Amino acid sequence: MKIINMPSFGADMAKGEVAHWNVKAGDTVKKGDIIASIETMKGLIDMEVFDDGTIEKLLVDEGIELSVGQPIAEFRLANEPSLDNTAQAAVSHAPEKQQPEKKQPETETSERPEFAAQPVIKIPIIQKSETFSGEANTAKISPAARQKAKELGIDWRLITHGQGPDGAIVLADIERTASAEPNKHGINDPMRQAIAAVVSRSKQQIPHYYLQLDMVVDGAQHWLTKHNQSLPSEQRILLNAIIYTAIAHALKSFPEFNGFYLDGKFAAAESVHLGNVINLRQGGLVVAAIHNAESLGCEQMMIKLKDQVIRAREGGLRMSEMQDATVTVSNLGERGCDTIQSIIFSPQVAIIGIGRQRTVPWVVDSNVTSASIVSITLAADHRVSDGHSGARLLNKINQLLQKPERLICTRNHSKNRSAN
Amino acid sequence: MNTDIQNNDNKTTETLTYREAMRLAIQESMVADERVFLVGEDVGNYGGCYAVSKGLSEQFGPQRIIDAPLSEAGFVGAGVGAAIGGMRPIVEVMTVNFSLLALDQIVNNAATLRHMSGGQLSIPLVIRMATGAGKQLAAQHSHSFENWYAHVPGIKVLAPATVADARYMLSMALADPDPVVIFEHVMLYNNSEPMPTTDDCADMHKAQVRKTGSQISLITYGGSLGKTLEAAAILEQQGICAEVIDLRCLRPLDTATVFASVNKTKRVLVVDEGWRTGSLAGEICALVAEHCFWSLDAPPKRQCSIEVPIPYPRHLEQAVLPKVEQIVESAMELVTNGQAMS
Amino acid sequence: MHQEPLKESVSQLILNIAPEVDMNTLDPNDDMRDELDLDSIDFVRLLTSIEQKLGVRIPEGDYAQVNTLQKMLDYIAQNR
Amino acid sequence: MIIDNTKPHIDKAHLHQLLKQMLRIRRFEEKCAQLYTQEKIRGFLHLYIGEEAIAVGVMKSLTKDDAVLATFREHGHALARGLEMNKVMAEMYGKVTGSSRGRGGSMHIFDSDLRFYGGNAIVAGALPLAVGLALADKMQNKQNVTVCFFGEGAVAEGEFHESLNLAKLWQLPILFVCENNGYAMGTALEISESEQHIYKKAQSYGLDVRQVNGMNVVDVESVAKHYCDAIRQGAGPCLLECTTYRFRGHSMFDTQLYRSADDVKKWKDKGPIVKLKNWLQANNELSPHELQQIESDVAKEVDSAVAFAEQSAFEDESDLCLGVYTEGKI
């Protein structure tokens, strides 16, 4: 038994309709007989049968539109099985379209366009968070300049006005800032000039106010020594890591200290990208952001700090790390000094300084004893916050510092632990 | 102008014109290989519309220097057929303007048959055409369509700009088993240079650095080379060191030389007598943007003809075509980012 | 001095962390951390490399016994 | 104009061969029509049904070194010239085993060994090529003939005028064969040519011309032989106008509104195969068994060609750019 299908008369013929049957069930026909006329978009075309045989059954009435390849009649070849060999059979049974074999790459040579529903590619709309967390300034920079800046480890963002068209930063700007001997100290060291540009702008534009709170760290130090006792030096945690973690977790609840002040408006940042000031061995500093610090435990914070120091000193910091800190922490290390009154890195709105750990006389219940303390200072932008909330932030840090065991684990989701 | 070339080979002369160089090239190739013949309008008795084939008919006879009737499709198609048939024809289409009548034979037969026949047919054919404006021949006789031909896979496109290239590129094209189209800018025929030798002409696929420089790459071809070198000289006096790249081969493009230059100078200006839209200059700027993006210190720029039919009056024709002053100004703007030079 | 090879390898470990340091101007009995400006993270990195390369673990409690180059060399020699 | 009676002595075996050649073409084309309705063959498909006598008749007079150029209605010419039916069918499928690696399809079948320089989708596009091939043969003093088939539609193209003029101007060894089937796609000859006798047009260029009944394979063969011999001895270009008729549409998607069904029927009764078969049977030169044997041989050849095409692979995409230039070797 063979099926006769709606024939294709041209590449652009997708559908056809039996306008008129010339035969009925039971009729015997000869090869080449016209058994129907097919209505196409170009008009009527005769449809011939390609073998001698008998029409078994008409499967579709006149006037019904079908797509090419749909069955329209059943046909029994004259001498079943006719002399045609497999080739004939191969062709006559349900004809699949001109498909390449499976292993062949899909080269669809049938020109009948597949109008199968095109998968609608849903372009994920990036939720532009209303709180500002992206590029600090929209300055233009040429690709060559950007490439050179990366090579020289210069944060081109610190260059306020390039000599290119409408202030675009070009190669000359980068080379000018790097024109001095790179490793020679001195005021025209490009790093120095870049830092000079930032700190002078911050000092002039940002109305700083300063607060300080001395925090007892004996508890934390004791917990640390017990924690590190059995660990190889590689996994030991330093006190700083605990302090950074406390600061990051506290800042989560004080958005007015974590974000950017731009064009007269403050935008709080979505998460805490804690800027870690790293002093480079040959002088100068780089600020590397620890992303989403509010969700890190102190173990992870320690790993991040070590990793960033190593990469900073080997020039391996990524551009993104050097650009998107939302608040900064500065510390001068064990041999630093008691307190640091820092300058805010514009366009951020706060900077926290960590003095060196030191032992001082300390009054407890009117008895004088000794205690190991660290002075934590806050310099903040008075346009955005006031001393009252600054003090509450410092106290929150102190309170978290007294319970180091709570800071150990990585918080899976900072949202559900909104403090205060 | 030294017009007649003695036909003996031991002739030495101090200088050679572009036209004489091409004539020598044809003469030399026909002596070397009897499969080579020249067919085209007025190439025989008349000696060639631009006098390139002057005297060749007397030397080789009308069977090998064949005057063709005004049947561009006919004799260009015949050239394709003869090439398939085992000859090495040089078909001279008087100018690119007339080649429009033979585009079907060039694109659908010459460029396509090798690939479409599954590699069975080879078409070792050379088609030479004059091109470009500057002789006040008005719109229909002043076209620059190198970009049309350089768009077609299956043919190669050459633009000899110097007398040395005119002298030695033809033999390379004839040796190539695939169809090669050679554009000869009408303003070059009278150029005269010292007698070139084979090592004054690099491989036909290679671009050439005609002047080294460090601050900007001026990329050009054919008839625009002269004005680009002139502009580079003026820039030099104004303290700007420009590099000049002569493409020589428009398909396939020698992108290695172009990229090396742009990556060095960080800036690129393409000088192209074609109309800007869909021009070869556009193609080069796209390639530079794709492959040299990270070394660009200024946007790639083009200096092309104004998009109008080339007008007949001289002052208007000159206004349309890229000018030396414009090249200098554009280059200056790219190098100094628009500020006055300190 | 039989300690020569040990001094060599410890100096190398220090140079990995502070490449610009000039080891021969360092007085073996001066406080290393002050002289070489090693902050706490540098110091922990030094201890880690000693532990990994020389197989000697220096617990936090013994930090005081290794604050000069000489004392560190002695400490390592005893505990290898 | 009737041909003179210098009909060559024709024997039974030769006539059977002519009949078989025409049936090979007829059955091949009918199978292609079927495969096209099943979307196995795509693109354009122009069938040679009804004009078989011309290709078969002319090809008989050619040597293997002669050059042949045809048109987009070229299957008959390719088969008559000797291309393997497997390769032609595989080319229709677009398979890599096809005559042009599947790249050309129905209108672009090539075989450089047989100097079959393919079909051409551009009407009259091949005429200048024929001029060039003949020019090359002449320059290399080879005794070859270049045969260029084209439909009466091509005479309206500038290239017809340019090519015939060049051919006569340069006295080239070309046999132009015009298959005048009366219709250029949907345009009848009456409404496209001021002078409808194609051979008269050619005469104006000084070509030796002849008109012949394209349905009579014996006449076509004898005139073609006469001309090929003359051309080989330097008679210069000649034109043979064969009046014929295509029993099918211009291509598959053709409603044939431009002609009546009984007009088609009238021509079918005078078709080239019917004509020869009836003559042979009338003269007891073709028994039913012999006919049945020819038909079954042809059917086997067609079926194995289809099987060959079905099993062949498509060209691998990675070879796509091979062959654009010579160095991209294939």
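Letters A, B, C and D mark the chains as written, and numbering starts fresh at 1 in each.
In this text, a contact is a pair of C-beta atoms (placed from the backbone, for glycine too) under 8 Å apart; a residue touches a chain by one contact, two chains touch by 3 or more.
Here the structure is a predicted model, which is why all the values come from computation and not from measurement.
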Inter-chain centre distance, chain C versus chain D - centres from mean C-alpha coordinates, in Å: 94
Euclidean distance of C-alpha centroids - chain A vs chain D, Å: 65
Whole-Å gap between the CA centroids of chain A and chain B: 50
Centre-of-Cα separation between chain C and chain A, whole angstrom: 41
For chain D, residues contacting two or more additional chains: 102
Shared interface positions of chain B, touching two or more other chains: none
Two or more partner chains touched - positions in chain A: none
Topology of the chain contact graph, where touching chains are joined (line, ring, star, complete, other): other
Chain-chain contacts as defined at top: A-B, A-C, A-D, B-D
Chain A to chain D touching residues, read off their complex: 5, 7-13, 31-32, 40, 42-45, 47-48, 50, 68-69, 83-88, 90-91, 95, 97-98, 100-101, 104-105, 107, 109-112
Residues on chain C engaged by chain A in the complex (per definition of touch): 18-20, 33-34, 37, 39-42, 44-45, 47-48, 50-52, 57-61
Chain D partner contacts - residues on chain B that touch it in the complex: 37, 63, 66, 68-69, 71, 73-87, 89, 104-105, 108-109, 113-122, 153-154, 156, 176-178
Touching residues (chain side chain A, partner chain B) in the complex: 142-147, 163-165, 168, 170-171
Chain C-facing residues of chain A, complex: 225, 228-229, 232-234, 236, 238-240, 279, 281-282, 305-306, 309-310, 333-335
